[in-house]
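What follows is a set of notes on a single structure, which appears directly below.
Chain IDs A, B, C and D follow the sequence of writing; residue 1 opens each chain.
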Amino acid sequence: MRYVLRCVLVAALLICGTAYAQTEDMVEDTVMTAMAPAPATNVNAFDTDNDHGHSVTVTWDLSVDDGGGTGAVTGYEIHRWSPAEMVTLDSLRGLLSAVEAELPNVADSSAEANLRRDSLRLRYAALIATSVAVGDDLDTEMKARRAAVKEAFLAALDGLPAAHARYPENGNWQLLGKVAAGVSTYSDAGGKEPTASSFIPDYCGFHYKVHALTADETVYGETAPFGPVECYGQWFNTGRVPVLLAVLIFGALTIIFVSIARRGADLYVRPLAGIEAVDDAIGRATEMGRPILYVLGLGTAADVATIASFTILGRVAKRVAEYQTALIVPTYEPIVMTVAQEVVKSSYLDAGRPDDYKDDTVFFVTQSQFAYVAAVNGIMLRELPATCVYMGKFFAESLLLAETGALAGSIQIAGTDEIAQIPFFIVACDYTLIGEELYAASAYLGREPILLGSLKAQDYAKAAVVVFALAGLLASYASWGHVFTDLFKVTN
Amino acid sequence: MKNLKWFVLAAVCILFAVSWFAKASGGDGVDNSVLDAFLVTLAAFLTLAIMSFLYQDNPYYKFAEHLFVGVSAAYWMCLGFWSTVVGNLFPRISEGLSNFFLVPYQPGPLNFFFAIPIILGILLLMRLSPKGGWLSRWPLAFIVGTTAGLNFVRYLRSDFVKQISSTFVPLVVDWQGFGHFFSNISLTAGGPLVMMLTNLVIFIGVFCGIVYFFFSKEHTGVFGKASRVGIWILMITFGASFGYTVMGRISLLVGRLTFLFTDWLGIIG
Amino acid sequence: MVHNNVGVIITLLVIAGGLVWLLVRSFRGKEIDRRVIFLFIMVSVAAPLLATITFKFTATPIVEALYDKIEALPEGSTVLLSFDFDPAMAPEVQPMANVVTRHCLEKNIKIVFMCLWATGQGQLEITLDQVLRRDFAHKIDGVDYVNMGYKAGNEGVLNVIVTDFEKMFPTDVNTTPYGDIEILQGVNSCKDMDLIVSFGGGRPGIKEWILFVGDPTGVPSAGGVAAVVAPQLYPYYPRQLMGLLGGIKGAAEYESHFRERHPNHADMDTPAIIMMGPQTIAHIVIIAFIIIGNVLFFMNRRRGARS
Amino acid sequence: MKRQIPLALVFVFGLFMIFQYFVPHEKSEWVYEFLLDWILVIGIFALALGIWSLYKVSVDKIRARKENWAYSYVTLFGLFVMILFGFTAPNGESWGLYAVFVTTAILTILMIIQTMVAKSQKGLYLGLAGLFLAASVVIAIFDGAWSFHFYTAEGLQNYWFRAFFDHILIPILSTMFSLLAFFIASAAYRAFRARNLLASLLLISALIVMLRFNPYLQPIMGDYMAKTSNWLMNVPNLAAQRAIVIGIGLGIVATALKVILGIERGYMGKG
């Protein structure tokens, strides 16, 4: 009997409740329909392609009220559902960094330091179950805390996929960002480091929704949530296919021509004034009984310009050894110095004068741009070299060197691939190798068929540039032109 | 002549002392501490020492130069040590060291890999030993290899593929038939005619420039002519960019002189 | 054109006379010693500094546009100043940053400072010292201005702050949380700025500001750039770029324009105007030397032909 | 053995770097960043090598009494003082016996140098070195006013380190840089002569641009000058730049490929 009564009571309550709710709804509805804009449609979210993961792209069709319709839409808000665990993760992250920041100054026993540590302890207690003995030995205590926090952090990290799978329990929608009206895509990209606050986990089923905003932010049209969608890294970047093709073609070209050259077909290389001049310059130095200064520039041993310069240096050193002239090679980089020493030594060997080689021909100055220039300028005015050769990477110092060289009355031969510096060398030096000529010079001097072969390959590549460019021009008038031009579009 | 040298030296020393005293005693209106006065005077004299190089090489320049070399080398060394070794390496390899240098220790499962660069680095130092010099090629090979790999793709992308696509400029801008073209032909910068000419010049320029950089073909006949045009265009460019830089360079000198006149002599500003 | 001043006239006479003399010598085919050239450069740079040769500047439209814009902004509106340059560019760009900052402070406009270049912070500090802390000590950090510091990521930063400023700059340089910074209440993104000015002209610089922020949001953008890059930006004026200070000259124009119209700043330091004197004279001297060099060359050639 | 292993290393790492460019995945990214860190670390050893070479060059100069040998002492002094400053700092306000320490340490080094260069009485110098060393060590141990590690969030904190940087390094550096103002003038005078067609082109375009930048010649030249120079910078400049860039780019690519394939071995010291 009592049971029946209870049922009736519950039923009655339910009815009232739902009735009340409905009335509520009705009111709501009327309000909404009065002002809310039409929501965006077919929201779609997918893993951003060709990336290392940690990024989702959200797209949608514009609301009819965006531009057209009532035109009420001022922009869109993108929301992601994030479980409570994400919040825990953030606070754990904060605590971890705080503890780590505190670790170094355990020695500091000042009042505020103690205050900081106490607040840390509180935060810790709030987050971590396993408690840590608060001892006099702060160091061990802090270390223990860090270990525990880290553990908890990693645990939380592992828990994320499950937490997202739990949608929609125990979590809330989090505003990611706004975009202007008329925009229909948003990239939810985050950091890959879990320790970064912008971290977005991979392999978690995210849910997204989009709000169409109006001037009054309380009024908006809301889409149905879309999901789950996971982000993850790709193993091949399709956006870079053109580069891959270029790699293959160019590699093939080089290998073909190198092998042709190996078979001993003699390949022509146009003479380079700068290089022709080197020999005369060395001769001149010999006549005047003055040394030759060779500057390898500011590049590292890995810079192509420097590598080319090594070859040229080898040639110069050989000639110098034959003529028995003095050679000065001040270097900017220790590694470059060691390589240059070997180059010079071996060239003296080739010239059949190994014992003429002195270890202080090539020496290190300093690894600071202007200190190096200061020193080299000094050397120029003291030794008055008959010839100065600058080959390699040069920056602001190019003109300083070249003008001082002119002041010392030496013949100057320069070559660099730093476009900004070429003008100064052109102006101040007697001969200048412009950009690629520097690389060509090493092949030209070496006269090794292999190097010449690759030079040929470069020329064909340049021809390809011209041909493609022409084709592109014509294609841009044809209806199918974009097909061709797209071949050269490298995305990301 | 020798006496002159000593005379100059004495004069410089006296000047230095005077300026130091003047600045310290606030003779220039600003009241610096003795120390600051010394440092500013020092800076000023080093500045002048370097500038004296313009007249000719001299002991003062030599002094400044050698001091500069030493100090700068040390500066970079310290910076490198604190930023890379302390900031980058110790946190990865040793807790003791990172605590000693007050940097947060970052333990990681794969940190032991950092032994490799250390070993390579030590191999690099083998260069100093007469016997093991060849070992120093290993680290070098590592660096050169990685850099080469990087350069290979990077430049192929930026200087080959990208450059091609950026040369795809339509020579004929918004072409609407000859009638339309000739009816409103104009020399305004925005006008179609000028635009076309510009694009044409750019295209021909690129073309001739590339021809100039052809090495495996003799520059004769039409080919030679094209390469001539190429070098002309290069020269025009170099001249222009030289002219551009003049202004910036002068402002550098202005900066230095302002330092001398304001911070040191305090006669302007 | 030139303030009447004995020192000025003397210097100009000396330099001009010297050049004429050299020209005459060159007609006799006498080469000039390098040191003489150095001396002339030294004088032509030092003398204007000492004799304070300053020229009067009339702001060109492109500069005046920016001035008028700031002048027209109502009190309490917000301006974003981005310092995107390094010490190398400083001689040209710092003066612009200083004078524009001064103008905004004078007009009681709220300023949000930020940097896209790591090196920008140092330059920003210089400006704060030379302008804000010296002449506007009463301005309160967080109320009248805020320094958000530097954020790595170049265009990436712009892409974010165009929609959400706080996401990129959760705190200012003093790690004051975004929410607690009074000036930023009601500033959610760059859209809420009334004007954006970027100083620098490298990459990222004003171009990126236009493409990523100015165009999408329609917030008026202006810039101060080194002379070298100015020409590449003219095409954007006036539609996407509402004003531009190009090189020292632009800065100098702005300075004199500002000083004329704000007499209470008559004694402000005007690095650009000061630097313009040496710039101009040294330029003329160098050009003169080029001419002399060519005269010499042709003279010698004719002589060579005769003999 | 002496050549094969390096070539193998170059090949492997070069290939990996190409490979990783096409693989966006975290794992390859991770290795990539790891390798870059390695280069940094190795670079430090290179720096040490450089300091050593600098020291050696200077000492040799002194020993061999080459011309200007005396100045090498200046270099060494600057080097070691700066290094000392770079590795020590006061803990509080007071400097304690820091000055004494620096002096003794420097004297120690000086004496060591002397023992290396001296022709006679090496023993004496060595003894003195030991003495000074002992002194500095004692101070280092018992003086609590300063210590050997001072790296704070603000960076290198030693006042003297900063002082040397601000009042020695920067002035000399920027003065060296400002010499360009003079050299640019002398270079222009010397080189901008209408010797031949190319030189004339150089001269003319330079003049046009310079005139455009000179505010007080502009009224004379008229707006025309500005237009022309802008055109120069935007049209032929663009074209030439592109041509050079393509050339250089291909050159670098080719060389890189040759290096990876072991064709180009210049970097291994075989000219």
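One rule holds for everything that comes next: a residue touches a chain if its C-beta (ideal position, glycine included) is under 8 Å from a C-beta of that chain, and two chains touch if they have at least 3 such contacts.
Here the structure is a predicted model, which means the values were calculated and not measured.
Novice: Check every other chain and keep only those touching both subunit B and subunit D; list them.
Specialist: In this structure, the chains that contact subunit D and also subunit B are A, C.
Novice: Could you see whether A-B or C-D has the larger number of C-beta contact pairs?
Specialist: Looking at A-B and C-D side by side, A-B shows more C-beta contacts.
Novice: So which chain is the furthest away from subunit A, centre to centre on CA atoms?
Specialist: Greatest centre separation from subunit A goes to chain C.
Novice: Which whole number of Å gives the spacing of the CA centres of subunit B and subunit C?
Specialist: 22
Novice: Give, as an integer number of Å, the spacing between the C-alpha centres of subunit D and subunit C.
Specialist: Whole-Å distance between the two chain centres: 29.
Novice: Could you please state the distance in Å, as a whole number, between where the Cα atoms of subunit A are centred and where those of subunit D are centred?
Specialist: Result: the chain centres lie 23 Å from each other.
Novice: Listing for subunit C: what residues touch at least two other chains?
Specialist: 34, 38, 41, 45, 227, 247, 282-283, 286
Novice: Quick one: which residues in subunit B touch 2 or more of the other chains?
Specialist: In subunit B, 50, 53-54, 62, 64-65, 68-69, 72-73, 75-76, 102-103, 124, 127, 140, 143-144, 146-148, 151-153, 156, 160, 163, 167, 203, 206, 210, 213, 234-235, 237-239, 241-242, 244-247, 250, 252-253, 255 touch at least two other chains.
Novice: Check each residue of subunit D and list the ones that touch at least two other chains.
Specialist: Where subunit D meets two or more other chains at a single residue, that happens at 18, 21-22, 46-47, 49-50, 54, 68, 172-173, 176-177, 179-182, 184, 186, 188, 190, 192, 202-203, 206-207, 210, 213, 229, 233-234, 241, 244-248, 250, 252-253, 255-257, 259, 267-269.
Novice: Considering only the defined contacts, which subunit C positions touch subunit A in the complex?
Specialist: 34, 160, 163-164, 167, 170, 188-189, 191, 216-217
Novice: Help me check something: in the complex, which residues belonging to subunit D touch subunit A?
Specialist: Interface residues on subunit D, with respect to subunit A: 18, 21-27, 29, 46-47, 49-50, 53-54, 57, 60, 67-68, 172-173, 176-177, 179-180, 183-184, 186-188, 190-192, 202, 241, 244-248, 250-259, 261, 263-264, 266-271.
Novice: What part of subunit A is in contact with subunit C in the complex they form?
Specialist: On the subunit A side, the touching residues are 177-180, 197, 407.
Novice: If we count contacts the way the header does, which residues on subunit C are in touch with subunit B in the complex?
Specialist: 35, 38, 41, 45-46, 49-50, 52, 91-92, 226-228, 247-248, 269, 274-275, 278-279, 282-283, 286
Novice: Which residues, counting only subunit B, touch subunit D once they are in their complex?
Specialist: 39-40, 42-44, 46-47, 50-51, 53-54, 62-82, 84-89, 100-103, 110, 113-114, 116-118, 120-122, 124-125, 127-128, 134, 137-156, 158-160, 163, 166-167, 189, 198, 201-206, 208-210, 212-213, 230-247, 249-250, 252-253, 255-256, 259
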